[in-house]
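I am attaching a structure below and will ask some questions about it afterwards.
As written, the chains take the letters A, B, C, D and E, and residue 1 is the first residue of each chain.
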Amino acid sequence: MYDMLAALINGALGWGWPEWALNLLSYILIVTIVLVVAPLQMLFFTYYERRVIARMQDRVGPNRVGPEGIWQPIADGVKMFTKEDIVPQAADRIVHFLAPCVVVAPTVLMFAVVPWGPGMVPVDLPTGLLFFFAISSISAVGLMMAGWASNNKFSLLGAMRAVAQMVSYEIPAVLSLIAIVMIVGSLSINEIIAYQTGLIISNRDLPGIPDLGLGWFVFTPVGFVAFIAFFIAALAEGERTPFDIPEADSEIVAGYMTEYSGMKFGLFYLAQYVLNFLLCAITAIIFFGGWQGPGVGWLYAQGITPDNPNGNGLFNVLAGVLGVFYFLLKTYIFFFVMVWLRGAFPRLRIDQLMDFGWKFLIPLTLANLFSAALWVAFTRWGPAEGMLITVGWSPVLRWLAAFVVTLAINLGVYLWLTRVYAASQAERRRAELEELSAAA
Amino acid sequence: MPEMTPAELRARLAEALPAALVEAEPLAITPPPAHGPQPGLFNPPDPVVRPDQLVAAALFVRDTLGYAYLSDIAVVDYLHAGCFELVYRFYHPSGGPGIVLRVRVPRDEPVVPSLTPHWPAANFHEREAFDLFGIEFAGHPYLRRIYMWDEFEGFPMRKDFPRQGDKYLGGESEG
Amino acid sequence: MLQTQELQVNIGPQHPSTHGVFRMLVTVDGETVVDLKPVFGYLHRNHEQIAEANSYLQNMPYTDRLDYFNSMANNHAYAMAVERLAGIEVPERAEYIRVLMVELTRILNHASAVGFMINDMGAWQTPLAFGMREREKILDLFEMASGARLMCNYFRFGGVVRDLPPEFIPNLRELLRALPAYIDELERLLRDNEILLQRAIGIGILPPEVALSYGVSGPVLRGSGIPYDVRKAEPYSVYDRFDFDVPVGKVGDVYDRFLVRIEEMRQSKRIIEQVLEQLPDAKGGHINPKARQNVRPPVGDAYARIESPKGELGFYLVSDGSTRPYRYKVRAPSFINLTPLADMCRGYKVADIVVILGSIDIVMGEVDR
Amino acid sequence: MEVVVQVVFGLIALFILVAAAMVVSVRNVIHSALWLIACFFGVGALYLLLQAEFLAVVQVLVYVGAVSVLILFAIMLTRQISGEGVRQLTSRWPVVLVVTVLLFATVMAPTLINQQWNVPPAPPLGTPEPIAGPAELGRGFVNEFLIQFQVVGVLLTVALIGAIVIAFEERARRRRVLTLAEELELKRLRERATQTETPEPVEAEPVARETRPASEG
Amino acid sequence: MTASPFEIEIPRGRVIEVQRDDTRVRRGGGLLRGMAVVWKHWKESFKLNRSYSQIHGTFTIEYPEERPRIPEAYRNMPILLYDDETGHELCTSCFQCERICPPQVIHMTQAKDPATGKPVPAVAEFIIEYDACMSCGFCAEVCPFDAIKMDHEFELSTDDHTQLTVHKEQLLRPISYYAKIAPTMWAEVRESALKKLQGNIRRRPDVIGLAPQLTEKIAARRAELAAQAAQAAAAAPVAPAAAPAPAEGRKLTPEEKAAKLAAIRAAKAAQAGESATPAEAAPATPSPTPAGEAAPPADKAAKLAAIRAANAAKKAAAGEAPATPPAAPDASAAETTPSAAPPSDKAARLAAIRAANAAKKAAAGEAPATPPATPAGGTAADAPADAPPAAPPSDKAARLAAIRAANAAKKQQSGDGS
């Protein structure tokens, strides 16, 4: 994105800018864009969620402020700003004040590595994916601060739950992504997107597939299982139903946010929705090709790229618009799914959540990791790496073999795990009874 | 469906617990009016049980007769007759009409043995009776006010409780 | 080693899922409930005292306000008690209309009770909204007949206020056509839902013998496996003329109560259909007893109970021969069904408390009276 | 550019030192933990300054995201969080100071002695080799340092299993609160154990805890 | 635990055990089924659901633009009916509704023939406290003349609480209005109601019964009546002055306030036991006079004043005797307001008397207190003599207050005795 902006500045204001000024200007621009986009997404998401869930409940939803209620989030924001800021008497004032900041800052930082379109990533870190999760884990500290500083039992319970949940669901989330990382061979988010060209089948796995930008990972068995596991973990990370235990309003009022009001509460709200946006976005990026889609690749190839410096800048813009469109479309669809889940499901209990995470999701993602290894072995390895079975196979055959093997493994593991999981629950009940009878 | 008339119940009780029954005379609920006919006397057919034999009678009803469902305990304050009457209502889980045991205690010393330790269904009924009528249930494990706040004085459902609420209204108009 | 410490948490009186102003003083060990004390009375208005100062008829609208979900059922129980006390006959058509109304009440109560319970489990309003959907239509019908949606005040001693309006029956038939699909849909949304099963199975078990010893009634008792239904056990009104089944649970947990409620809705629908078949013509007798404003029953007492949607609702009246009841006592099902709450919650997690409370289905207006 | 990096380094180093000092000097344990987190952040920033992105990110992920949360969890389980009445320094603090300084000196001495102080400044930050990218790390783990890596892995696994065992023992020893159904089951089992011939009476017998409220008062 | 311990036979039905089905291994199918249901709702929610046999679709009625169908039987708040043509009200002030009203929010006074002073079957003042009304519909049900009916109007919100105490003028609606909102229900009662109305018109052609909407229409007749009345009794008030009442209902507030203020002051003074209060209470006396010609009396204020006065008397009696006078003058102040028009309401008068009596009784021991109280009572008793009988509304609450005051005084006395 820096190159693009630098080119833009040079083009618009004349060449010959010193390096540092270009740097400074383009980074200021990037940061401004991120800081504007993040709250806008949050505003849109609150409106979007309310309208969608209202429809699911046979209602209309907010439709009074502005046309179809589009200004409702603005009105809510104004309300948030004008509300009294209450700090409990017994609260730890400084920590109570800092907590929302600590929660919000990482969510905004995470935007740094999100690519919006072809060549439109603020910072293309080689370790982008890892950066994303490292930063997201910081907000756990903020939640902890909020829960503790409020000096309220409900807050503390909520914070404990939130942190326990975030920490334990980070593992399946990262494990499921590692499967993809293994296939791609890079932690860079751009690389991951670049891998997903093709049509149903990625043309990196099977060269020769026409590039329609549809070679998404979700169409492979490995990617599909990883997608399911990651999305579930993302629900838990983003505190969405059925994992909204930290703020279970029917149990602990509002969790760690109980003692917050006014704009501080608004900041938590902001952080939550921005995080949701980012999780949806990362799901779209990793498993659904991000900005990939029919036409984007071709358009971008015509534009100015590092490979093709003499392209037409108009195509860059076109590719950008189309890419952003695809990307946002996918993201909003995932958020729709999140809202849909919220409309349909009750929430789990905290111990059930832990059970599910540790006893079902983590084994599943571990098995998926194994499948991913097999996938790489079948599609890419040769005798040099010790893969002797596939010697002499055509790429199609290799791909087919990889598909069948991983499908068999993943399906088998899924069926087996559901049974084992159900059995473990029954087993636990039986064990408890036995314990009792032993006590008797 | 088992059915049992009050007379039958009285007979069974008399057989099993001869000391429990009391011959209850009819009550006049209100004082006779200055003019006009005297309304009749209140004379329900159900057996009236001595307070100290209540637990035995109730358990007899439950364990022997099988009326294992304690539905209701109603207290009536017969101010004119000077007594509280507790109406215990039992039903058989197999259906059919219920049976009633009555207990009468004097108004100035309303103490009844509690049924709660033997029959938890009585718990809230008894607490309610204590709260609103001030009936002491001896042996109740947690006899606290259930509706009114703990500091409340008096028992609001008694017939001699001041109805107009002068006490509170007077305080209110000071401000 | 790690020393755990018991913590006292106040759930309520102002809490999203206590169904009103209800407070639970919960002692928890980690997330496990060690002890629970229900505290209520925040809505106490000494209903019985008010009733003793009013004439018999004047009490009718006050009974609406006991369990404001089921005003028709409350009306029915009270009207029956006064009719027993004063020896008033009810014309047949009026009896049928009463049964019709009470069964409609049962459907709407169970629909919203199920919705509220799932809401307490954390489903964000959707099952509740679905539960409210048919409720709205039934309330429309109530409004058509009685003039009010919630505080119906429809029953009178010896009948009902006025006959059903002409558009009532066709609309009801139309509603009945949609009802099975509606109930099925509610069931399909929730019944097999793995999350609901996790939250409901084995939670809040109330074994049958304990349930009986606690004197609970209604779906809670039947969910524990005891087929005690006042409509069958001591048929009142014209309930002995209808075929319907009594659903019971197996284990007595939250899930059983949920299933019993769903099934009872179906049975109520059966009853309503039979009522529509058997409903006598209006010519038979007057059903608007305008003359009965001043009931003056003879000295005596009477107790009437009905199977209200929440359980056994009883009214005990003592008359001293005047126009006012000398004693008026309500046996409120929600109140008594709370008795075993502490024991039902013990040993479960904090999050289960609200679910168990939701499965009991209380209304504070009735609990506090 | 050089100067900017120096200045930034100085600021970060100052921040780390201040945070570290606050960790040991504030009285509130939670505040202390929060300062520790700040300190971790500073270290992560230093890595970033050295262009060790992967290391920086891992520092944040592991230390800020996991370790510090663990520390916070542990602290919140303790009873006394605010140590207002606790003295910060023991009476023999000079001894401690001397010992600490000696230890620090021992650690630092080889570096100080062997370091060649007069090397020319580092080459300009144009295109340096990444110090430890994920690929190099991975290759190192499975090639050169395989044994060490395995040993560490086994060690951690053992620790994990040990923790689980301890937790299980703890759970078993803990007073369990019985639910109503369990209580009944227990009673039934007890009865079956004592007298196998008489069947369970079906009558509703209140179970065990009706009298409980009395004890609380 | 599985088998029911009781063998229970169920007539006409059976006991069915619910299908729990909880041993099956589940793989997420139930979740998907639930999602499918929600999806269906989402998809269908773009059409409206307005029929009884429809289970999908949006329910929301977007209120101000779209109105719900209101069934005929709908009842919200009671209204009074009058005949469209003649303007005569159907109400005959039989007090049935006042008696049956469960929350006791209906208050009325019977009209009196201005000429003879005899009560006639018409209503002089009719007040319903909408804020406490529970919309039970008993009043409409018991009314033998079908004069009181339940309205369909539900937009009653106001920012002024006192506006929810609704007087006759605001309650009156023409019959045609009711016939429009509830055609069949009106058709049922129409015959008998109109017959009774005709009877009433015949019986009381010359008395009140005026709807605000018909003021001009009947003004001529009114003036005629007034002239007759003026001829008949010189002391009688000018009837037309009393007629255009509704507009002035709200204008009275300053006067009410003044009365209230005076009462509060009196009470405080009495509490403190000062003797200087008459001077303070005095300013209250002139203020009602100018505005006082209108019909609706300062009911609430007077009520309040009575209560306060009574309390003050009580307090005073508890404290020291000299404090009694302020209460009585204040009461008389409330009495002697306008001489031309209805002076103040009967209830307040009554309350004043009672209060005075109570004070008298309470202070029976002390001699100095009695004399000032008696004159006050005297003025109060004198007041009704020159008060016109046109609009003497009684006020139940005020009566109650008076009784309460008396009781309090009695108690006080017994307290003194013991």
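Brief remarks follow.
In this text, a residue touches a chain if its C-beta (ideal position, glycine included) is under 8 Å from a C-beta of that chain, and two chains touch if they have at least 3 such contacts.
The structure displayed is predicted, hence computed values, not measured ones.
The innermost chain, defined by the distance from its C-alpha mean to the mean of all protein C-alpha atoms, is C. A centroid comparison over C-alpha atoms places E as the chain most distant from chain D. When chain pairs are compared by their number of contacting C-beta pairs, C-E comes first. As a whole-number value, the distance joining the C-alpha centres of chain A and chain C reads 46 Å.
Spacing of chain B relative to chain D, judged by their CA centroids, is 63 angstrom.
Between the Cα centres of chain C and chain E there is a gap of 35 Å. For chain E, residues touching at least two other chains, in rising order: 1, 5-6, 8, 26, 28, 31, 34, 37-38, 41, 49, 59. In chain B, the residues that touch at least two other chains are 1, 68, 93-95, 119-120, 123. Shared interface positions of chain D, defined as residues touching 2 or more other chains, are 178, 181-182, 184, 202-204, 206, 212-213, 216. Interface residues of chain C facing chain E in the complex, by the touch rule stated above, are 54-55, 57-62, 126, 130, 133-134, 136-137, 140, 143-148, 151, 153, 161-162, 165, 171-172, 174-175, 177-178, 181-182, 185, 188-197, 201, 207-209, 225-229, 232-233, 235, 240, 242-252, 255-256, 259-260, 263, 290, 293. Chain contact summary for the complex, chain A toward chain D: residues 92, 95, 125-127, 130-131, 133-135, 137-138, 140-141, 144-145, 148, 156, 160, 163, 167, 170, 187, 432-433, 435-437, 439-440. Across the complex, chain C meets chain B through its residues 40-41, 44, 46, 48-49, 53, 212-215, 217, 226, 228, 232-234, 298-301, 303, 305, 312, 314, 316, 318, 320-322, 326-327, 329, 331, 335-336, 338-340, 368-369. Against chain A, the residues of chain D that register as touching in their complex are 28, 30-31, 34, 37, 53-54, 57-58, 60-61, 64-66, 68-69, 72-73, 76, 130, 133-134, 172, 178, 182, 185-186, 189-190, 193.
For chain E in complex with chain A, the residues that touch the partner chain are 25-28, 31, 34-35, 37-39, 41-42, 45-46, 49, 56-60, 62.
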